[in-house]
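Heads up, the next two complexes both have chain A, just with different partners, chain B and then chain C.
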Partner chain A sequence: MTTTAAPGGEGVSATTTSARPHHEGLAARRALRNARIRGAVFLAIGVYAFYLASSAFSTPASFLFRFFNTGQERFEIATSVGLLWLVSGLASALVGGLQLWRGAAFRWRPWLFVVIAPIVVAVFGALLDGTTANFTNVLRGSLELATPLTLGAMAGILSERSGMLNIALNGKMLVGACVSVIVGSVVLRFTGNVIVSTTIAIAAAMAVSGVLGLLLAWLGIRYKVDQIIAGTVINIGALGITNFLFLRVLGRNPEFNTPPTVAAMQLPILSDLPVVGPILFSLRPYVYIALVMMVVLTYFIYRTRWGLRLRASGEKPAAAGTVGINVIRIRYQALLLAGLICGLAGSYLPLATAGSFQMDMVAGKGFIALAAMIFGAWHPIGAFGAALVFGFADSAQALLSVLGVAVPPQLLNSVPYVITIVVVAGVVGRVRGPASAGQPYEQG
Partner chain B sequence: MRLELRDITKRFPGVLANDRISVSADKGEVLGMLGENGAGKTTLMNILSGLYRPDSGEIVIEGTPRTFDDPAAAIRAGVGMVHQHFMLVPVFDVVEAVALGSEPVTGALGTFNRAEARRRIVELSEQYKLNVPPDAKIESLPVGVRQRVEILKALYRKSDILVLDEPSAVLTPHETEELFSIIRSLAKAGTTVIFITHKLNEVLAVADKIVVLRRGRVAGTTTPQETSRQALANMMVGRDVELIVPKGPAKPGEVVLSITDLEVRDDRLEVAVKGIDLDVRAGEIVAIAGVQGNGQTELIEAIVGLRAVDAGTINIAGHDIGHPSPRMVSDLGVAHIPEDRGRDGLIPYMTVADNYILDSYHNAPYSRRGVFDLKAVSERARQGVEDFDIRTPSIETLAGALSGGNQQKVVVAREFSFPVKLVVAAQPTRGLDVGSIEYIHRRIVEQRDRGAAILIVSTELDEILAVGDRIAVMYDGQIVGILEGESATYENLGLLMGGAEFGVGTAA
Partner chain C sequence: MNLLRSLARRALLPGLSVLSALILGGVGIIITDFDHLSQLGSDPLVAIGGAVSGVFNGYGAMIAGAFGDPSRIATALQTGNERDIATAIRPLTETLVAAMPLIFVGLAVAISFRAGMFNIGGDGQLILGALGATIVAIALQTSGLPSLVILVLAIAASVVAGALWGFIPGFLKARTGAHEVITTIMLNYVAAQIVLFALIGPFLRQAGSSQPISKSMTWVDVPPIVTLPAIRLDWGFVVALVMAGVVSWLLFKTTKGFELRAAGFSPTAARYAGMSAGGSMMLAMSLSGALAGMGGGFMVIGTVGQLSNDLSGGIGFNAIALALLAGLRPSGVVLAALLFGALTTGGKEMGIQTGIPFDLLFFIIALVIMFVAAPGLIRSIWRVRVKPAADVPSMAPSAPAGTV
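Now for the complex of A and B:
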C-alpha cells in the first residue's frame, strides 16, 4: 500500500491516524449509565415502599374470592396494607439489585411486571383502607371490559400491519353498536328467539362496519386521501348518524331499542373449578371469541403466507409489489376484516353490557383500543395484555366508586392514555410500528 | 436462456424514453448496458421486469414472444431483477425476505413452510458461494450482503435472466470485485446477466457484450476487446469528451479551512464523524473518497452550518465557527454545492431567477429596505444563465422543469455568483451526463486557480482521481489516509475505502 503523508505535517496520513476506540464504546457506556439509573430508580421505589409499609401495618387489607359460581363459600386473603407494601418494597429492591448487579445485559422489561404487580395490589389495599373487596368481581370485570378493547386492537393491528392507519375504529364500533341494536330489536320482535336475533344483529353490525372499512380503504387507496383525515371523517360521520338515529328513531320508538342481550356462559366442567371457575370460565361468549381471535390472528400474521405478505405490505410495499404481490388487494382485505371485527366489538357494548343503545356509547373505546395496539407493540398477544391492564383500571375504578372510596374516576380513566404516552415516548423501551403505515402505495 | 428485446418503444408525457430499442443476450452471456442518467436504461429494464408495458415492440425469450402484465408474470418467465434501491423488507430475516412472494406453504391455511424455504436458501447460498446468513435480519446486514440477498432472491425464483440495475452504486471497490466474480460464476452456470451501469470501467471489466444507450436509442454495440474507455464515453455522449479535465499543478497557499478533532452526530444521534483533522489550503482541491454513509454527509453539513458540532473546532478563513448558521458561513465566502440538489440545492417549484438569488436575496443589489429590485434580480439571473450555459426556456421557468445537469448548473451559478474563498461540494456531479460533469469540473478547477480552497466529497473514484490534488479517504467517521493526487490509484484508494480490512485495522 503506497500512502504518502501530506507535506508540511498538516493533515494526517494513514499511518498516524489511529482508530479511536472510545467511540465504539459510546453506545455501551450509555447503556451502562441507563442501567445504573434504572437500578437506582427501582431501589428508590423499594425504599419508598418500605417507608409506606412502616406506617401501614395496622391497616387490614382483605381480598375476597368466590369459590364457586353458586353458593356462598368464600375464600379470603386477609393481610395488612403494611405487609403488601413490604412485599412491593422487597420486589422492587430485588429487581433494582439485579439490575445493578447484571448491568446493561439485564433484560429488565419482563421484570417490570414483578415490580408493578405488588405495587398495584398495595395501592388498591391502601385505597380501600380496611374495607373488604370482592376480587373475583374485579378480575371478571377486567376481562369483560378488556374484550371490546382487545377486539378493536385486533382490527387496528390488521389495518396497520397492511400499511393503512385506522383511526376510524371508534366510528366503526359506534355504527356497529347502533346497527346491532336496531336489527336485534326488530328480529327479536318478529321471531322471539334470542339466539337467532342476537346472531343476526351481530352479523348485521359486522357487515355495516365491514362496508365502512372498505370505504376507508377506498378513500385512502383509490383517492389517496390522507388516512388520518379519512378516518376522522368516518368518526365524525358515525357520531352524527347514530346521534340522529337515536334522537329521531330510537328515542321515540323504544321498541327499536330493546335488543336481545348476551348473558354470561358457564363453560362445562371448567366453570366448576374452584376460584378460577368464576373468574375465567363464566364469562360472556364475547370474551372467548376475543381470545380465540387473538390466537388465530397471531398464527395468521406470523406463520402463514398471507401474514408474511400482509407484514411486507405494511413495512415496505415496494418490496412486495416487485415480487408480484398485489399490495392493494391485501390492504382492502385487511381493512374489510378490520371492519368486521369492529362491528363485533361495537355490538358488545349494547348487547352485553348496556342492553340498549345510547348516544356516543363507545365513548372513545376505539381510541383506547389503538392505545392498546401501540402498547402491545402491534402484536395480538401484546395488545391483549395491554387491553387487560386498561380493563383492570376500569374495573378497579368501578369497584372503588361502588365502595365510595374517594378516588376521582377521571384519574383512573386516564390510565390508558398516560400509559400510551409513556410507551410512545420510549420510556419503557421503544416500540416500532409498521414502517409504511399511512403512506399511499402506487402500484405498477 | 436467450433474451431478445425487439423494437421496444415507450413514451412518457413529453419524453420518448425508449425509441425502437433492440438488444439481445445469449444464454450465459453478460450484457453490459451502458448509458447516462436519462438514456432509458431503467425504463427498458422496468419493461423487462413487468413494471411498465411497452407502447410497441416485443420481448422474446427463447424464441417465444412474451408480454408481461405485472412483475409476477416476468418472474414466472424467468426474469429476475435486482433493483438499484434494494427491495427487501428491513425487519424480515433473510429467509422471509427471499421467500416473500414465492413462499412454500403447507396445509389448508397456507402455513409458511419456513424450514423448506430455509433449506433451499442455504443450498443456493452454498452453491453460488453467496455466503448469506439465513437467519439474520436484513437491517443488520451490510449493503454488500444485502445485495447478495437480492441476487439470492432472483436465484430462488429460478431466474435464468438476471438484471442488475446500477448494482455497484453502494458498494466498496472490494465488494464490487466480489460482485463481479459472482456474476461471472452465474454466467458460467448458464444465467444470462444484464448489467446496467454508467461506469465505464465496470462494463469493461465484467461484460461480454456492451450496448450503449443514448437518449432512448441504441447508440452502438461493441465488446470490451474492441473498445476503450474513451470510445465508450464518446459513444455515450455522442461527441468527443474529455474524461479528465486538464488542470495544472496546485499552488497551495494559506489554510482556509481548518478542522480539528471534529465530532458530529447523525440524525439518529449516533456519532458519525469521529474525530477528524483536516486542512484545506487556498488553491488546492482536497477530495474526500469513501463509500456512502461513512460520515461524509455529516462532515459537510457541519462545515456549512447545517448540523451542530459535538466536539472539536471548524475554522474558516480565520474565523472559529462556534454555533454557526448557514447564512453566517455563506457570508464568510463559502460556496456550498449540496449532495441532494432537489432537496437542499434548489426549490423545484420556484423559478430559475428565484433560485439564483436564494442565498443572497436579502442583500443589495437584490433587495433594498426589504423590497425586491426585480430588475436587478432578472438582470443578474440572466447573466448567470448566460455565463453558465444553463439551457432553460427563460429565467421564469420553474427550476424543477430543467434537466438534472441544468439544475446543477443553476446551483453552481448561484454559489459562484459572488467571490468565494472556500467551495464545499458534495457529490457535485451525481446523476449528471458526461458533458455536464466535464463542465462542472472545469468550473471547480477554475475556482481553484482563482485562489479558492476546494473540498469535494464524492463516492465516484473517477471523479476523485480526476479533480483531487490531495485525496483523503473516509471510513467509519474517520480519515483513514491522505494521498497525494499523483500517487492515488483505484487500488490503493479501494483498499482504504474498505477500511475494515486495511485502513483502521492495521493503522491502529
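Now for the complex of A and C:
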C-alpha cells in the first residue's frame, strides 16, 4: 500500500476546489488549516508515543515467525515494547513533519498507513505484555480476515461509484452465507465431491445475492424508494429469513448445515519460500480471488469505457445521460455485480472459517466493509489497505483472547465497531465520495 | 361519513402493506414445510393442503396468542374468579405489554425521521437506557428510599443514558456528516458489548447465574394498572401513551418542533431561514435516544424485571417499520405499536405451538417497510388507486452525498 493515488484523480482538495472556482480562496485556506491541524495531530501522536516508549523499554516484545509451512524451524524477533513505541513515534513525527512542511499539497492518505501500522503493532505488543506471539499466524489471519471485508468493500465501491448507496452489503452477505451452506450441503451429499459442491455453493450464493442487488436497484430506481430505506429492508429481511431458515430447517436437519469447507491452498514453489511462504502463499483461494478482483476492478473502473461511464453515472448522472450514457442500465449492472461479489464474500464466512451457518454470522461485517470503502477513498486498492488494518485488529484480537490477556473480551470485541464509527465520522480526514450517490435519477 | 372515508383511505395503504407482507410470510412458511412437501411426489394434494393449513394454523395461533379467546374472557368475567380472569385476559394484556416499548421506540424513530435522521439505533439506545435504570436501581437497593423514588430516579437514568447514546450519532452527523445509519448500527453492537461487560461484575450480575443477566429487581417495580396474578401490564403503558401526546404536541405545536420538521424537509431551506440544522439533528437524536432509553427503563424495571443483553429482541427494527407504517404520526405510532405488539406476542405463541420460528416476523416486517416505502408497488399489485400521504417528508430524506 504505497500508493492509493489513482489515475482517476482522488486528490481531495484539488477536485473540490477546481469544481468551484469562486470559492477557491476560501477552500484553499480551509485546506491549509486542515493540513496544519492534521500535521499537529500527527506530531502529538508521535510525542505521546515517545512518552509511552520511555516507560516500556523493560517490557519485552517477542514475535515468533515460522520458516516453512512444514517442520518446526522458527525464529523470534525479540524487541521491547518501548522500541516499538519509539518506532511508532518516529514514524508519526516524520509524517507530521512532512505534512506541516508540504501543507495542503501533501498527499497524506497513503502515509496514514505508515503512521497506523507501527502503532497497531506496538499496541499489540503492549497488550501481549511479554508473552511470545506467533506472528506468522497473526499475519496470515489478518489477510484471511480482511478478505470478506475487501470483497464487501469492492461491492460497495461498484455500487456507490454508479450512484447507488449500498447499505445492504450486510444483508446480502448474510443471505449469501446461508444459501452457500444449504446448497453446498445438499450438493455435497448427492455428489460427494468437495470441489464441485463448493463451486456450486458459491455460485448459488452469488446468484441469490445478485438478485438481491437487483432488488435494491429496482426499488431505488423504479419506485424511487430512498436507497437507505431499501437497504434497510434488505438488511432486516435477510436477518429474518436466515434466522427463520436456521431455526426451522438448519437447526433441525443438520445434514443441511454441513457444507464443504475451503482449505488453505499451497501455491506451488512460492509457498516453499522461507518466512513469506507461510504468510502470503499458503492461504485460502478466497484471498487470491479478492486480490485479483482488486486489480481487475481498479483496471475496469479507471481504464475502461465502462468504468468511465460508471464513474460519470455516480458523479453527474444528468451530464452522463445527456451524452447518451444509459445511467439506469449502468446502475443495474453495477448493483448486480456488487450483489455477486457480496455473495462470494458471504460464502467465505461459513465455508472458510466457521464450517457451518450460524444466526447473524455476518455480525456487521458489511458495515465494516463500508467503512473500509470510505477509509480507502472509494478506491479498490485503498479499500484493501483499510480492510487489512481491520483484519489485523481482528486477528490480533483473536490471538489475545486465546492467550487470555487481561483485557475484557467485550472491550476487544467492540474495537472494530468503534474504529468503523471513527472512520465514517471522518476523524481521520474527510474523503469525497461519488457526488450523486443516493440520489434518484430521472431518465429524460 | 367523510371522516370515515378519509380514515379508510388513510388506512388502506398500510393495511394492504401488512396484508401483502403476511401473505409473503405465509409463502415462506409453505416452502420451508419440508415435512409436508416431502410427500409431494406421492400425494401432492395432501402435501400442499398440509403445508397451506400449516400457514393457517400458524397465523391462527398468532391471533389467539395475541387476543385470547373472547368467549373464555366472557365466562371468566361472569364467574369473577381472579385466576380465571387473569389467564383469560393475559394474551390481551401481554399484547399491551409488548406494545409499550414499541410505542416508546416507535416515537423515537418518528421524531428522528421527522428531523431527517434515519435512526436505526433504537436497540442500542433502549438497552443502554435499561442499563442506566438497572445500575441506579441496584445502587439504591439498600438506600432505604421508597420504591417510588427509586423508580423515578431509575427512569431518569434511563432517559439520560438513552439520550447520550442518541446524541453521539446526532453530533457526528451534524459535525462530520457521518451517516447515522452506519454509526447507529455500530453503536448497537457497542451497546450490546457494554451491557455484557457491565453484567460480568458481581455488582449487577445475578449471583450464581451462568448467563449474563442482572439481579431481579424485586424491590422496585412500576405500579400495575390491574392487580391480578401474572398480569404484567403496568403504568409504563400509560406513560407511553402520554409520551405520544407529548411528542405530538412537541412536533406540531412548538417552535422547536417546527424547526425539527423543517430540518427534515429540507436542511438547506432550514439553514437559509436561520435555523440551525445541525442543532436540530442533535436535538432530535437526543430526544429520540431519550424516548428509546425510557422504554428500556420501563421494560427492565417494570415488565421484565431484570437486565439481559437480549432484552430488546429486535424492537429497534420493529419500531422502524411501525413508524413508517404510521406515517410518522404519534397517534399512528400508538395504533401501529398495538398491531406490532399483537404480532410479537402472537408470533411467540405461534413459535411455541406450531414450531414456526418467531424470526419470521423480521422478514414480514422488512416486507412491510418495503411496501410502505414503495407505495407504487402496492398499487400495482392490488390495482388500487391510493394517494400517498402528502404531509410526510419523503420518509427519510436523501442522504447528503459523499458520506456513505
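In this section, the second predicted complex is superposed on the first by the 343 of 444 C-alpha atoms of A that agree within 3 Å, B and C clash if a C-alpha of one lies under 4 Å from a C-alpha of the other, contacts with A are read in each partner's own complex, and residues count from 1 in each chain.
Following the convention adopted for this analysis, a residue touches a chain if its C-beta (ideal position, glycine included) is under 8 Å from a C-beta of that chain, and two chains touch if they have at least 3 such contacts.
Values in this document were obtained by computation on a predicted structure and should not be read as measured data.
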{"item": "Partner with the higher number of touched chain A residues, chain C or chain B", "value": "C"}
{"item": "Chain B versus chain C as contact partner of A:Ala435, first or second or both or neither", "value": "both"}
{"item": "Partner chain in contact with A:Phe367 - chain B first, chain C second, else both or neither", "value": "second"}
{"item": "Partner chain(s) touched by A:Ala320 [first = chain B, second = chain C, both, neither]", "value": "first"}
{"item": "Touching partner for A:Arg109 - first (chain B), second (chain C), both, neither", "value": "neither"}
{"item": "First, second, both or neither for A:Arg311, with chain B first and chain C second", "value": "first"}
{"item": "Chain B versus chain C as contact partner of A:Phe300, first or second or both or neither", "value": "first"}
{"item": "Common ground on chain A, meaning residues reached by chain C in one complex and by chain B in the other", "value": "435"}
{"item": "Touching residues (chain side chain A, partner chain B) in the complex", "value": "1-6, 10-15, 17-21, 23, 26-27, 299-300, 303-309, 311-312, 315-316, 318-325, 435, 444"}
{"item": "Residues of chain B touching chain A in the complex", "value": "49-52, 70-73, 75, 81, 83, 87-92, 96-97, 99-103, 105, 109-112, 153, 157, 255, 270-271, 274-275, 277-279, 470, 472, 477-484, 487, 492, 495-496, 502-505, 507-508"}
{"item": "Residues of chain C defined as touching chain A within the complex", "value": "28, 32, 34, 118, 120, 172, 175-179, 181-183, 185-187, 189-190, 193-194, 196-197, 200, 317, 320-321, 324, 355-357, 359-367, 369-370, 373-374, 376-377, 394-399, 401-404"}
{"item": "Chain C partner contacts - residues on chain A that touch it in the complex", "value": "160, 165, 167, 219, 222-223, 225-241, 243-245, 247-249, 253, 363-364, 367, 370-371, 374, 408, 410-411, 413-414, 417-418, 420-421, 424-427, 430-440"}
